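Both complexes shown next keep chain A, but they swap its partner, so chain B is in the first and chain C is in the second.
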Partner chain A sequence: MYSTVVRIQNTFGFFTTVAFVVAALIAATDLLAPRTPTVGVLKTTNVQVYGQIRVLSSSGPLSWRATNSPLPPLSSVRGRPHYYSSKKEEYAIIRFSLDADLSSLFTWNTKQLFVYVTAEWPSAGGSGSGQNATNQAVIWDSIITAPSADHLANLGPVAMKKLRRSAAGKSIDPSRGKLSIKNQRPKYQITHPSGKVAEQEDVVLRLHYNVQPWVGFLTWNQDADFWRWKTLRNNLSKKFALPAIKKKDEPK
Partner chain B sequence: MAEQLLDQIRDLFEGQIDFEGQKLVDLLVNVLLTLVGAVAFFVGYFRQDIKLTLYIGLAGTAALFALVVPPWPFFNRHPVKWLPVGGLATPANLVVDSKILG
Partner chain C sequence: MLSSLQNPRQAAAQLLNFGLILSTAFMTWKGLSVIADSPSPIVVVLSGSMEPAFQRGDLLVLWNRNLFSETNVGEVVVYNVKGKDIPIVHRIVRKFGTGPDAKLLTKGDNNAADDTELYARGQDYLTRKDIVGSVVAYIPFVGYVTIMLSEHPWLKTVMLGLMGLMVVMQRE
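Up next, the complex of A and B:
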């Protein structure tokens, strides 16, 4: 503490210790906040399997959006995984409705919440076949920022302004955790390494979440209650089957 | 003249403080920085606003830096009293390298 430089060094050294301890305390407060997420509805509204996709040069291999809108109910599609691939695959497009209350996941330490819906179905060979016992593919996801992280949202200026105004003056906004989605188009159409998904039975949708804190550990929806953190119940849809390939007009 | 000026600049840059001042700085840093951390955490937690924690922590630390880094006069209130240079007489029984001088 004799000279200026030594004082700067020692003060900064102790500051790092204090900052670390405060961060650890903040992370620990997550445990005190109860998590009681609930799911009201998770169901498919519309599934399609497409077998043939006409490749449009302008919009890439999976241009069914352009060629097949509006989408008919429940379908699978077949097309190429890449525009240079000779492999033809089937693609399922699963629309769904979701009603969930994840507002308890928003605390002062929540930066953003990643919510995603997967489709799952048992593997053809079962668990003993050396393959994965369950196929799982994400069909939709969403990032819900807390007001403290709004500036990180990947939005244009207008949408950003609207987002910020929605939580003006609030440091936390649990209402953002209330999801009510009707007949949502999936973000990702899904397929399987075998190239076959049509007429697959026992498919379910599952809702997942991932809490991303400012400081601390990432946490996902748990399979078991953990003190004040409850499991996400009712996050599975009813079983459904993917339909047969939708016939399309053969290109001439 | 130039040497004097250089000395002054060096003193300013080094910012020396006396022993009592150093003890005081040590105490201030430990107590106040801990206090800043505690206040930042509790205010943020009860207001449920993590940005408040960040800003209180950073502002408090910056203020503390301003308080302890410059050689303020109150860190120099107990200057060390050195023996006079080239004293009139060698003190009796002054031991240098195990030999008694004088």
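Up next, the complex of A and C:
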């Protein structure tokens, strides 16, 4: 009855049980850590709309043809590099400033914090969608790793060295949650399936975060206070309107 | 060693026991599937496009019901592309419209570009029905066993052989 196989089986079974119980306890400690994220400033600093037709050239790779606008620096603002449309597409580039303190989100079970800013605007009526149809697009995001996960980050050797030195000897570094960004160029331009975004009114920017743990539940900024977790207040910018398409003959 | 074969009653009991283990595993999987309303409530991460958060071999728990709100921008979802059978885990970065026809665009956090290239020909956006579930929980490493099994098929034979041997050898 107590053969070697049975002993191995029992040992392995006990090991997995203990491992899962410990993991569940670690995941549960997330609830005990208070979360008090705050936002100081979230505002737009410069908003521009361009209009372009993207064409697939017969020779060579994808090329851009400006119809009535100077070419924006495409290397730093990405649209949809693999999206082909013969339709004229307007796209907006929204610069913003952000001041936020998310340091309380870093606990021993935090692997990384994913911070993102979305632009939201109501749908123009009669486009086939419902009355409360909304549009939402991420314009900027950032992965903030906890020092314990730095070795996993997708960085070059120099940046990696700098990152690891910034938190040498620490496994939790809440100071990484302090964001102070001035006149930030967006990572993604915004477009719309209809091709139109110019002169759109009631656009707002919203800051979100997603805490990704070493083990346990993924959590986002919640709409209401939940025991020790406070909601993220003041994470909306003022409403603004997208301008008309920037004209070619406009003085620079 | 093969004494159990001489005792048909015991052999049958062992066979039933083995069948019970298999059907328990199967019913647990299907039960989870019903609770989460998803054809595959637990998935193993196969690529590094969501690194550093999710790595190869990590286990993700999915939820596919919209009880309180719609599937929104910022959620990490698993979706299937039309005509391809490989589920992909990426984050929703754009959403136009509401309801089942809302147009969704996804992107891996670790990728430079969005997923337009991964979609089917002529498919510019996903809709809600392409999504298998949203990621709600994360367990590291556990899924690596399945990656090992699919990359080294001989391990399957070894494991099945060991299991068979155990069933034959084990005596109550």
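Brief remarks follow.
Here, the second predicted complex is superposed on the first by the 204 of 252 C-alpha atoms of A that agree within 3 Å, B and C clash if a C-alpha of one lies under 4 Å from a C-alpha of the other, contacts with A are read in each partner's own complex, and residues count from 1 in each chain.
One rule holds for everything that comes next: contacts are C-beta pairs under 8 Å (C-beta built on N, C-alpha and C of every residue); 3 or more make two chains touch, one makes a residue touch a chain.
Because the structure is a prediction, the values reported are computed rather than measured.
In the superposition on chain A, A:Gln136 makes contact with chain C only, not with chain B.
Ranked by how many residues of chain A each touches, chain B and chain C are led by C. In the superposition on chain A, A:Pro122 makes contact with neither chain B nor chain C.
Of the two partner chains placed by the overlay, only chain C lies in contact with A:Pro193; chain B stays clear of it. When the two complexes are overlaid on their common chain A, residue A:Pro174 makes contact with neither chain B nor chain C.
In the superposition on chain A, A:Phe15 contacts chain B only, with no contact to chain C.
Touch criterion met: A:His208 reaches chain C, while chain B stays clear of it. In the superposed pair of complexes, A:Leu218 makes contact with chain C only, with no contact to chain B. Contacts of A:Leu152 after superposition: chain C is touched, whereas chain B is not reached.
Comparing the two interfaces of chain A, the one with chain B and the one with chain C have residues 1, 3, 5, 214 in common. Touching chain C in their complex are the following residues of chain A: 1, 3, 5-6, 23, 27, 78, 80-83, 85, 111-112, 114, 116, 118, 123, 129-130, 132-138, 141, 143, 145, 149, 152-154, 188, 190, 192-193, 208, 210, 212-218, 220. Chain A contributes residues 1-5, 7-8, 10-11, 14-15, 18-19, 21-22, 25-26, 29, 107-109, 148, 171-172, 214 to its touches with chain B in the complex. Residues 51-53, 55, 72-76, 91, 93-99, 101-103, 105, 109-110, 112-114, 116-117, 124-125, 135-140, 166, 169-172 of chain C touch chain A in their complex. Chain B contributes residues 13-17, 21-23, 25-26, 29-30, 33-34, 36-37, 40-41, 44-45, 47-53, 57, 61, 64-65, 68-71 to its touches with chain A in the complex.
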